[in-house]
Amino acid sequence: MKAHTEYLTFNVPARMDFVNITPQVEAAVRKSGVQDGLCLVNAMHISASVFINDDEPGLHQDYKKWLEDLAPFDPSPQRYAHNRTGEDNADAHLKRQVMGREVVVAVTRGKLDFGPWEQIFYGEFDGNRAKRVLVKVIGE
Amino acid sequence: MKAHTEYLTFNVPARMDFVNITPQVEAAVRKSGVQDGLCLVNAMHISASVFINDDEPGLHQDYKKWLEDLAPFDPSPQRYAHNRTGEDNADAHLKRQVMGREVVVAVTRGKLDFGPWEQIFYGEFDGNRAKRVLVKVIGE
Amino acid sequence: MKAHTEYLTFNVPARMDFVNITPQVEAAVRKSGVQDGLCLVNAMHISASVFINDDEPGLHQDYKKWLEDLAPFDPSPQRYAHNRTGEDNADAHLKRQVMGREVVVAVTRGKLDFGPWEQIFYGEFDGNRAKRVLVKVIGE
């Protein structure tokens, strides 16, 4: 069995935004030499996500508005108990649960085995600082 | 290490519906010959889900109503920016994030290592066309 | 390839609560002897979750309030079709979809390859009875 591990770092200059990280994950799969296996990609921080969806700016705008409706940013101590601890990012921990921590993608014939529109995104919900994403490829 | 890959195709005759695909996944695990390992099952389309829950029609009705409340179908250009691009399925991309893209199931003694009520479903949110699900089994 | 499987049992004395199960998962990884691989942790019951987030009581309070807003407990037959079948836990099946069934964590140099604040939680949404969590470690 082969295994390959990489850590990617992102510093998103916005509180909430989505970054297409498919090229970096494809590069990690190539480096791994794995022909048949699984590729895990996960946010290492708990106010961020990794998810798979469409690279369409209108849809990303819809995700932002929808997530803000479901879990509004509110640094006051009134709405969120977490924001009584000196934090202001309770909303980010909620948004991340909707969008998910990780994706697991099949590797077949040495490549990410994707449907026609699948792209991997880093989802930032508490940005303006460096955060990491882990890529782990295992297989043969 | 053994690896086995299958692609299942579903054409759901409704905009939103859930299909129990456990028998097809069990068949893929048998074909793989894997006794101990992991089985990934994921939607290859970004307006569909694969998830694990109960095969109970009332619950499925509840999921549909709840998801429609959280992310209503609205083909007009007013509500969703994605639907200003010629698409009408922004709601499906949102619903799929709540229900998830994939499941990873343990394979133990040659079988899906399930709790008492676990069943695997394909969740369709923009149906009436053929879409694919990937099953990948790795292990020994 | 090595594989190790464990079943953990939890009996949470509340309808909804979160239990930090990181120590038990770390012990399973040690027992597996895997240095480089993947660790799957999933709820075996469909009204429970396994998820990764922060071990901060205020945040857990926020999760409970937020999930109760998104999918209120209501044993009456009016709100949920599932609760016309003799069940009262339709809300638990909805809450579990938001928080997720499973996590997959990389194992690197024999340890869970975690970011600074990542902790694994069992999320109970229909408690007061024994339920199981599966841990499967594969790798070399």
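Some notes on this structure:
By written order: A, B and C. Residues from 1 in each chain.
As a working rule, a residue touches a chain if its C-beta (ideal position, glycine included) is under 8 Å from a C-beta of that chain, and two chains touch if they have at least 3 such contacts.
Just so it is clear, the structure is predicted and the values come from calculations on it, not from any experiment.
Rotation angle relating subunit A to subunit C: 120°, from a CA superposition, given to the nearest 5. Of all residue numbers used where subunit A meets subunit B, under half belong to both copies. The two sides are thus made of different residues.
Computed centre separation for the pair subunit A/subunit B is 20 angstrom, with centres defined by C-alpha atoms. Among the residues of subunit A, those in touch with two or more other chains are 1, 38, 70, 98, 100, 104, 138.
By the touch criterion stated above, subunit B contacts subunit A in their complex at residues 1, 3, 5, 38, 40, 42-46, 70-71, 80-85, 90, 93-94, 96-98, 100-102, 104, 132, 134, 136, 138. Subunit B makes touch with subunit C in their complex at residues 1, 36-38, 51-54, 56-59, 61-63, 66, 70, 98-100, 103-106, 108, 113-118, 138-140.
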